[in-house]
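Alright, structures below, take your time with them.
Two complexes are shown next, each including chain A; its partner changes from chain B in the first to chain C in the second.
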Partner chain A sequence: MMNFDLIKPEFLKRADQYLLTHYPMIWQTRIIWVAFYSLSLFTLAYLFGDYFDHEPGEILYPDLDVGYNHYLVDRQDRLAFGQIPLFLSALAVFYWLYIQYQHKIDYSKLNVAGFLGVIALNFACIVLILLPAVGLAFSAFDITRLLNEVLRDVQITLTLGLSAAVLPFIIREFSLIEIVLVVFAGFVYCFLIAIGLRLLLGINFNSGVTGALFLNFWVFVAIISVRFYQKTYTQQTKRLALLCLLSFTLAFPYALYLLDVYPNVNRAYREIAHRHHIFTLKWLAANIFVVLSMYGMFVYFMYRSLLFPIKRK
Partner chain B sequence: MNFDKIKPEFLKKLDQRLLLHYPALWHSKIIWVVSYAVVAFTGIYLFGDFVDAEPELHQYRENDDFGWFFSLGIFLTSLMVIYWLYLQFQQKIDYSKLSFGKFLGILFLNYANIILLFIPLIAMIYGGVLDMERDQEYAWTSWYSVLYGAMPLSALPFVIRQFKLIEMVLTAFFGFIYCLIVALVVFLFNDSFNGGIMEQLPFVYILNFVAIGAYVVFKFSAQNYTQQTKRLGFLLLLTFPIVVPLSFLYMGNLTDWRYYKYDLETHHYLVWVLGYGFVALMLTGYAVFTRFMYRRMVFPGKK
Partner chain C sequence: MNKIISERSIELDLLLQDENLPRAINRLLDFVQDFSTNPQFVTNALQISADQRQLARSIEEQSLVNYQEIDQKNQQIAQRIADLKQKIIEVYQLAIQVHAQNTREHETTNVPTADAAFIPAKGAESFPPIMECYGLTKMYRKSGFTLANIDLQLRLGEITGVVGENGNGKTTLFKVITGNLQHDSGKIGFPLLQRAKHANGVNWIEVKSEIAYVEQELPSWYGTLKQNIQLELTQHGITGSQNERDAAYILERLGLTEHAQKKWSELSGGYKLRFALAKALVWKPKLLVIDEPLANLDVRSQRIVLNDMKDLAKSAKHPISIIISSQHLHEIESIADNLVFLQQGQMKFSGEKEDIGSDRQHNFFELSCKLDKQALDGLLTGLPVTEIEHNGLSYVITGTKELEGQKILQALLHQNVEIEYFRNISNSAKRLFL
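Coming up: the complex of A and B.
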């Protein structure tokens, strides 16, 4: 495997050693290395990003408004300074998950608080990994609207991909291709439900499908909970549990609507990330802290149930 | 996962026949890919319009249809491409005895498979999911981008067993980072170049690609390649479709020439011929390099 040892500073290596011997759970998250690489890249991106992008001074279309011309010039940076850095961050999250997968960490002695603590650390790692993309956006985009669009994409990625913070607990239960197929089959299943509701009951997407999928989600959670509680789960039950974990961030905004946090379903989903109000406290409290806490509880329950041998068919 | 229950009997028999008589076709899993494409296309074409928003009823939500259906469709199809690559990975196919023609044929077959996986997305345009002309045009542009990106993917089955998945992820990651560092270096020495950074950067990338290509070819020819050389070879495979269009910038007024000679507005077929001719040429280039790399890797690598 690739050797990164040459670029690691000595004091961090010593800190890493200290964490390994005194706080192994913190060491396993690799947070000091994630912080080291991310903050270094963030600094580089923030300081130098502006030297490479298009500057909105050029007038491409003399007939159009000057402000709109500036917008069009700056918009040319969306791929190189918005989408590609986000894609690279996603690859880095993938690598971080791979490192977690390799560790074969035993979480069985942790209590709920310990689980929540590790989840918070994992979340911090994911935020740090996304940070360079944010730094580059702040540096490269001169038009506020474009900057906000990139920040919105980062927020969507963080909110909907929150399950990455709990995947290290269960990732060893599945092969990679199983995860890929579970995601695919899950989406196809949701579309089939939507089509079925429309054809059989005449319910259109706007009025009832999201609610039906939400109900379906909790039916799955109930089945999984009973199966795990009775220790009668199979590999299919585990896959269903994985599907619920991955799709929880999609189902949760509907719960916010039901709890009157938002006045309607559309608003609840739009507030996952909105160009005009980004990284708000309400979003942090509802879509991040509450979701992470619920994840913590469910994964704790699931992990402990998985310690018992599986029922064979 | 066991998909045996949903496979029709006649296709199983056909699959058996391919296995016995045309193993290369069987390896590519094309009949299953075609079945998937037909079922998914028909499903989306017939039922897609029942779940989307209609412009006359929900004007604002119609804008979201592209993201909800087409972008999501690209993501889901990408998962299917990963699954198809996984099946190719599992088969441990020996390509070492193939002639160049057959090698090229398999590359085209792989390309056809990947395109077929993306075919159902077109049903969204014709089936009424994307109602607005702007969305339809954007969907076609995205679809052609996918056709372009499918080229390196169709060469992957030949080399995929040489790398771990995480190696591929890291190679792609560091490939991008390396390009950013090259851009930074060019920027620092910007005064040495004529015409400014944005004019010279593509040339530096092409030069860099050719230098890495020459190094990799030399290492493979001398049979003293290491795993690092293989990774460089893999990076070349991935970046080939990015570098080739950059080289067009230095081929004179190619676009002007085309416009003067032919009026593309009235000769749509010429756009198709040029486009698909270009893809065929690129795939042939892939076959030459991948076959060379594959045959060299049959010999054990230097540790």
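Coming up: the complex of A and C.
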């Protein structure tokens, strides 16, 4: 097994030790190590991508707008320099979550601002973990269309992965298999609702089914909020809360549509990462700031409720 | 207060006389923790402990074989222990005098008293209980199991042992006490831990910050052992150099210094438990709840862990209330002040361990020997024996209260019977399992 200690700079070890003995909430995010490894990998990825840099548009595919699909079939750039690194980065996010799972951090002394601060740090870690994939894409792709597609994938992953920033607060409440089963059950539940509404009531998939699931989502949120407030929660309530937290990023674009931020449902979901509006201020404000703030307040409420005894039947 | 320090001083002297250096060093570490706030004394004690450990290793590895040299080094360490103890006592007595003087001045001039935070507080018995519950009941509808009518009081400095067969409600009781499981009826309170009343009865956010719970299944952790200890300290507001000192102290005290840089997967079961104890004790909780800690330990580790728990619970400066469950009756009885016996969710006994069997009608003895039941019965004829049973491992001899162990032994030894094991269990929790 590789000994990572050999590639850890001494000054970072000292900084890590300082954080450990002074600022445990920053230390537990492992942000300095995430930043160190991610920025190092970003640099390597950038140099590596530059090595493979070429001008396919000028040599093999003079008219890329027409022959773009042929280009994608002939070459696997998008897969090799875009999606595989993104997949590996996503795995790294899971590894980071596993480390968080192993830390049993006591957040009970934090106030709301503290929760929001830790969530912001967690989010910064996730952004940093995705950075090498962006670096590789930037250096390897000279075709704007190809680059935009990869960046859009990164942005979708980042948006949908926002819930990872709050999982460290509650992840220890569940076993790993329980988390997998909750996600699976959520998929099955949404799928059955969608099929049922479509087949039995003939409701339109795009707006009708999404609207019904959105309403359903808030009913669940109301139930778990009451249960937590009254301190009468059970393990099932906790599982439902986990499902709601994970699916909030899916429900949120529909709320933006209802608030008239977007003219239609499709637009609301596509604007998560529209190819011409990648990493815009609108996306940052709506999908990052608002979602993380709402997450922070809900998790603060949920975490403090979980300190009270569970009602088990 | 002087009585406590002099008793502890005598205990240390006796250990040094017996040349029991490992135990003397443990008690020196407790001594410095209880009666001193001087970081230099702590550092000195840690250094003596490290030197003793080094010496023990040299002897074990046979790099030091000269008996005279070993003896000389042992004596040097013993002398250093005695010297440090004396210094601590001198500073402590001086502090007591200053404290008394300040108190007198305070009474006359109403000025703030000197900081005498390190002077141990009054006796534990004068405090209200740290936890009390009355008629506590928890029912599982699915399995039908009910833990019913639990009346219990836990006090600082006392160890309460909870015994009972598997599935009799020990873990359920612990989960309720630690606020991990809601009870159905009855009352639970933490008079010493909760400052103000709360709408839901117990403010678990406040109370849980003073309770350490070591579960039977120890959870894994990330990073090194020392990092986790330091994290625990920082989370409880102990930062900077104090953090380093306290971490070093608890690691040395629980014999973990040599394993400080190890990770979870590199530790054996015994060291994992000691790590869990270190993590639980390092921030000085008021209540320590330990579920079946002895289950996976060898005999030597059991003895070490139990001794440590006993010492730390009775700390003069930071006494802890410990509630511990185990199947190892003899071991639990040896350290517990109070015992609780659970049977099918009912509390069959709760009180001081000396009170077990005080209202008994019979005496009970365990005997292991190579005789068959008939022969044994024959040998004990004439004694007030009412029943002899074999439980698979040994005989259980039941008799009237007039039946004495000496008489049984005399009868057997008179016939040259080889006795493998004999114990009077009339006042032991073991008789509750019969």
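The definition used in the following text is that the second predicted complex is superposed on the first by the 286 of 313 C-alpha atoms of A that agree within 3 Å, B and C clash if a C-alpha of one lies under 4 Å from a C-alpha of the other, contacts with A are read in each partner's own complex, and residues count from 1 in each chain.
Simple rule for what comes next: contacts are C-beta pairs under 8 Å (C-beta built on N, C-alpha and C of every residue); 3 or more make two chains touch, one makes a residue touch a chain.
Fair warning: this is a prediction, and the values are worked out from it, not measured in the lab.
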Clash or fit (per the criteria above) of chain B with chain C on chain A: fit
Touching partner for A:92 - first (chain B), second (chain C), both, neither: first
Which of chain B and chain C A:9 touches, first, second, both or neither: neither
Touching partner for A:103 - first (chain B), second (chain C), both, neither: second
Apex chain A: angle to the C-alpha centres of chain B and chain C, given in degrees as a multiple of 10: 90
Partner, of chain C and chain B, that touches more residues belonging to chain A: B
Contacts of A:263 with chain B and chain C, given as first, second, both or neither: neither
Which of chain B and chain C A:27 touches, first, second, both or neither: second
Chain C versus chain B - closest C-alpha approach in the superposed model, Å: 10
Shared contact residues on chain A - chain B and chain C: none
Partner chain A, residues of chain C touching it in the complex: 140-142, 175-176, 179-183, 200, 204-205, 208-209, 219-223, 227, 230-231, 233-235, 239-240, 243-244
Chain B to chain A touching residues, read off their complex: 1, 47, 50-53, 58, 61, 72, 76, 79-80, 82-83, 86, 165-167, 169-170, 172-173, 176-177, 183-184, 187, 197
Touching residues on chain A, where the partner in the complex is chain B: 1-2, 48, 51-52, 84, 88, 91-92, 94-95, 98, 176-178, 180-181, 183-184, 187-188, 191, 194-195, 198-199, 205-206, 209, 266
Contacting residues of chain A [partner chain C, same complex]: 20-24, 27-28, 99, 102-106, 108-109, 231, 304, 307-313
